[in-house]
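Consider the two complexes below, in which subunit A is the common component and subunit B and subunit C are the respective partners.
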Partner chain A sequence: MAATPLKNRHVLGWLMAMPLSVVLLAFLFAPIVMIAVVSFWGATEFSIYPAFQFDNYEFLFGSPVTYKVFGATLKYALITWALTLAIGFTVAYFLAFHVRSLTIQIALFLICTIPFWTSNIIRMISWIPFLGRNGIANQTLISWGVIDEPLEWLLYSDFSVILAFVHLYTLFMVVPIFNTMMRIDKSLLEAARDNGASGFQTLVHVILPLTKPGIMIGTIFVVTLVMGDFITVRFMSGSQRANVGRLISNDIALLQYPSAAATAVVLLCTVLIVIAILLRFVNIRKEL
Partner chain B sequence: MAKPKVGYTRRSLLKAGGAAVAATTLPAPMLWAQDTKDIVLRQFGTGVSNLNDVARKVKEDLGFTLEMTALDSDSVTQRAATQPDSFDIADIEYWICKKVWPTGNLQAMDVSKIANYDKIVGIFKSGKLTPESEIAQGTAPHTVGFIPEPGAKTFADEQTNWMTLIPTIYNADTLGIRPDLIGRPIESWTELLNPEFKGKASILDISSIGIMDMAMVCEAMGEIQYGDKGNMTRDEIDKTMAIFTEAKQNGQFRAFWKTFDESVNLMASGEVVIQSMWSPAITAVKSRGIPCVYQPLKEGYRSWGGGIGLSSSLSGMELDAAYDYINWYLSGWVGGYLMRQGYYSAVPETSKDFMSENEWGYWFEGKEATDVITSPTGDKLAEAGEVRDGGSFYDRMGSVACWNAVMDENQYMVRKWNEFIAA
Partner chain C sequence: MRTGYDLELVHLTKRYGETVAVRDLNHVFAPGSYVCLLGPSGCGKSSTLRMIAGHEEVSDGSILLDGHDVAPLAPAQRGTAMMFQNYALFPHLSVRDNVAFSLRMKGVDKPTRHKRANELLALVDMTHLADRLPAQLSGGQQQRVALARALVTEPKVLLLDEPLSALDPFLRIRMRSELKKLQRELGITFIHVTHGQDEALALADEIVVMNDAVIEQAGPAREVWAQPRTEFVARFIGGHNVITLPQGKVTVRADAVQLADEGMAATVMAIEYQGASVAVSTTTEGGDEVLALLPEDQFFAAPKNPGDAVRLRWDEARLHRLTA
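Right after this comes the complex of A and B.
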């Protein structure tokens, strides 16, 4: 093989692209096609059978609960996005522009990743004893005299769900924004200052536009993670709230695979539409 | 963990050696000691009876290795239905059996090989605890306990020689309460939806069991008259869900739980003061020194039973080992262990030998404890003079109102349940 030089550059190119294409076809494309196919199948109590029927979609779109749950999922995504963006942008700004020494920058950045040394689930569950009716938060507030009765909404509520989301996913916002900020040519900031821009004006007119691709990448991370999550919602709401992921996981638990597949297809489309809209605003290609 | 198959079966050897006489005197298959140590049986089931102590004792008494996996009820069903090669022994509930049996993933057991079959309580055979008992609603164990012949996918109406599950463990469930936080007597299932406990109640998020708790509540409230709680019509399901959805939206529930540990934590932390609960969860809360009562209610209990089923892929020496295991299971040690946690053994009389007179009196006969009662792991559960909540075995199992069930309209119920959780 090696002895015969490949004259056709195209063949070589195809060969080099082959491994990745095969991996993507086998592990990304094929499973998605399978999910789409199964979503038209029928299910009995304990088995699924091939068919081409729209029952699963009919039930899905016919149930008011579906719309509510999709609404709740988008709500979680939107609120989490806004909060992680605000926190993530601030942290990244501080790291990129306030900390001058590269060593300290790296050190602080590594500190941000410390929570990732434990599992996602553990970080989430540690909130439960903290926020509970007789938890540390309530006991502290009562002992300070701020409240008389324990606050019920601290745990098993939308509040606790979003708190956990923000806690878990802010770093996914920090990293890409920080990365983009570090690439901003510092002379641009000096030019802005020389032209008489205030700090705030520099932020809004120079840094923000230049950071957009990073924000967009972070947004895609956070939005897809939140929209695909089910375990955080289950634990932090004590099973009281639902998002689409939980709908799917309930179906799977009850052996209703086709129905789960149909929900998954709709969720996938929703997420793709959201991302398509986002990409209309910012071209992230120059970041990659 | 596949182990190499030996090229002969025990039976062919016995025949060849003319030792058939010995086999008839020992109904339980006895294995060749040198081979047993290599045998590994993989058992999975719900947390209640998948105990490491059992695996340890099996190794000690029978010589082979039992690997245990504990899962929640839904995952157990899923695994039994979809991954038949991932287990040798399924420790499942009777309602799960109803769902899973038609897949053909389990094989029926030859009753004549079960030494203590005659001593198994009536609930699992004729369905009657005592000859006068009335059979409760729902998926009663005897209705899915037998099949007409090996390989059949439907159940037999009466006892046959082929059993689907060998009953191992069962109990009568009711609501658990925190008497210290409630401070008044609780007597009826209706209390679960009493606005007094707004934000402090919970039920379990396992549809087949949760729907029965719901039905007990709705019937007790007089809101719905069920034809058969264990086999509701669509209309009955809709009405039941409507009542609970309204309660949920009014903030009646603090949380729903899915696993044993979650129910313990909800109760122990005081997040919840009244909820559906399982007996050992009460035990677990009590052993932390927190008062918790398994409150008998006037409408009766919701009962459940579990048993051991054999994977259809079991054969040869492993199958013999599994029969050994089953016979050992019913011979008393496990029964005693489980009864000291508050469950019942399918063969209570063999368990008696493994319990002290005080323990037997407290757990089974409903007598006052004459001394401190401790759990198998050594935690103190009751003082001398205390009586078990609900009384004796016959008092408790005699007032079962319904069994955990799978209904004809199960798929509809499951979708409604999903909506309820999402509502």
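Right after this comes the complex of A and C.
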């Protein structure tokens, strides 16, 4: 008799977990499995056919373009990460420790989110008239006499791509870091001062170690977003730069689904490895 | 003639905008004494402590330590150390590294600072837990670490901000005897902020009672308890009845009040059995609440019930006149 209610409880538990499980299975797990399966299919110029062959992967790993493009993607991710971290940490530090009043804190935080009120394509494209050959930036610099002729590298370059990435994704770094910083007991900072720590020592020995989980969460956001992006690179480089996302999108445009799927699988694995390495360093569990 | 590291407050004032948190304090803390700043919350005792520590700016006046004005100095340069109310241990550092923190900030090399930290941990009997993180310690253990961390800077004055309030009552009593013992061994001044009069009486060589941003009364614990100067002190320190007589307000200790056949008429409001004694709360005809603390055998020889009319008597010599 004792077993019956226990069994009921198990059934109930499964039932309660069901809706989310179904959603995840249908919209996360199944598509990934599908992509993995398709990545082993074969393709000709005009058709694709089910098979189990490694042609796509062989071609992918055999091509020097792949390594170059993965290298470029990691470079974008690394530079964007460094810049968003520097800006995000500074902004979060200012909000959390310099602004004393909660009202002003919230107000400033909301101001940070204003760019998100429009689509990110619009935010991205609005850089183009600013950075272009005859754009505001070049004209201003010329009128100030800083430069004699327009800077060519402002637009359609790595510079503009990374600028757009930083603009788009810095907030993803600010939010988790700010959140972690707000949880730091202010008396710890006083204790550090009481123990003779200078402002910089407090930052390095107290604030930074305690902010690590937030930095890690922000890092995961930024790295995954940048590595999976293709539209920013296309618009901001004027289709002159490539990253893995563009590789995939080009394959899809040419209806080369098996090849696109194989690239996607490799990209997914790369991102997962990067995240796994990051999680080795910091335990973010207590933040979640 | 004053000697040693005495601490003196001169016209010390703290304003927050329009409100005055601490008004024109003048006081000399004798070196090597255990001083309790006692008062209700919001009376300015914490602000005073934080100004001495250097975590709050002084609006006016000065803080003299050994004859030097320390008010403009950074907290670590004053020769004071503070123990925070919630201990403020660094959660990412081990107990040993917490204690060694200030030495690390000074650039002392690792073996030296660990050796010194171990000495302090031995002093507070925490050597066996030196490698733990603060989150793995109990409240009392965290407090000992906080104490060791404050003492590692070799302060001349240790400032304790309600150090026992986070502990359970049993531990509180044990920790307060340890604090007292430590103070006696080290021979430095402890300034301890509390709102508990029992804590102040148990610990302090000198009690400074604060109310409404000023010092109401300061003196040795026995003197403050036996001869409260004001009605506020008499009520706050406990154990006293404030009675309005024709000649003015007087206090009489609760244990000096007896129930008798004649004396002041009163009505019993409540009776509380406390073990060794019985607390009889009464209200006089004048409206004063008077508490009589009777020995248990005496009360049960002639028990009373709430609502009974009684007469209160006391020895005239035990009346104490309030000056304010």
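Going forward, the second predicted complex is superposed on the first by the 277 of 288 C-alpha atoms of A that agree within 3 Å, B and C clash if a C-alpha of one lies under 4 Å from a C-alpha of the other, contacts with A are read in each partner's own complex, and residues count from 1 in each chain.
Please note the rule applied: a residue touches a chain if its C-beta (ideal position, glycine included) is under 8 Å from a C-beta of that chain, and two chains touch if they have at least 3 such contacts.
Please read these numbers as outputs of a predicted model, since none were measured by experiment.
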First (subunit B), second (subunit C), both or neither touched by A:Leu210: second
Which superposed partner A:Asn138 touches (first subunit B, second subunit C, both, neither): neither
Partner chain in contact with A:Ser63 - subunit B first, subunit C second, else both or neither: first
When both partners are placed on the shared chain, which of subunit B and subunit C touches more of subunit A: B
Touching partner for A:Glu152 - first (subunit B), second (subunit C), both, neither: first
Complex contact set, residues of subunit A against subunit B: 43-47, 59, 63, 65, 68-69, 128-129, 132-135, 152, 155-156, 237-240, 242, 246-247, 250-256, 259
List of subunit C residues in touch with subunit A within their complex: 53-55, 74-77, 81-82, 84-86, 88-92, 101-102, 104-106, 149-150, 153
Subunit A residues touching subunit C - in the complex, by the definition given at the top: 185, 187-188, 190-198, 201, 205-206, 209-210
Residue ranges of subunit B in contact with subunit A within the complex: 74-75, 77-78, 81-82, 99-100, 102-103, 199, 202, 205, 207, 248, 253-258, 265-266, 269-271, 406, 410-411, 414-415, 417-419, 421-423
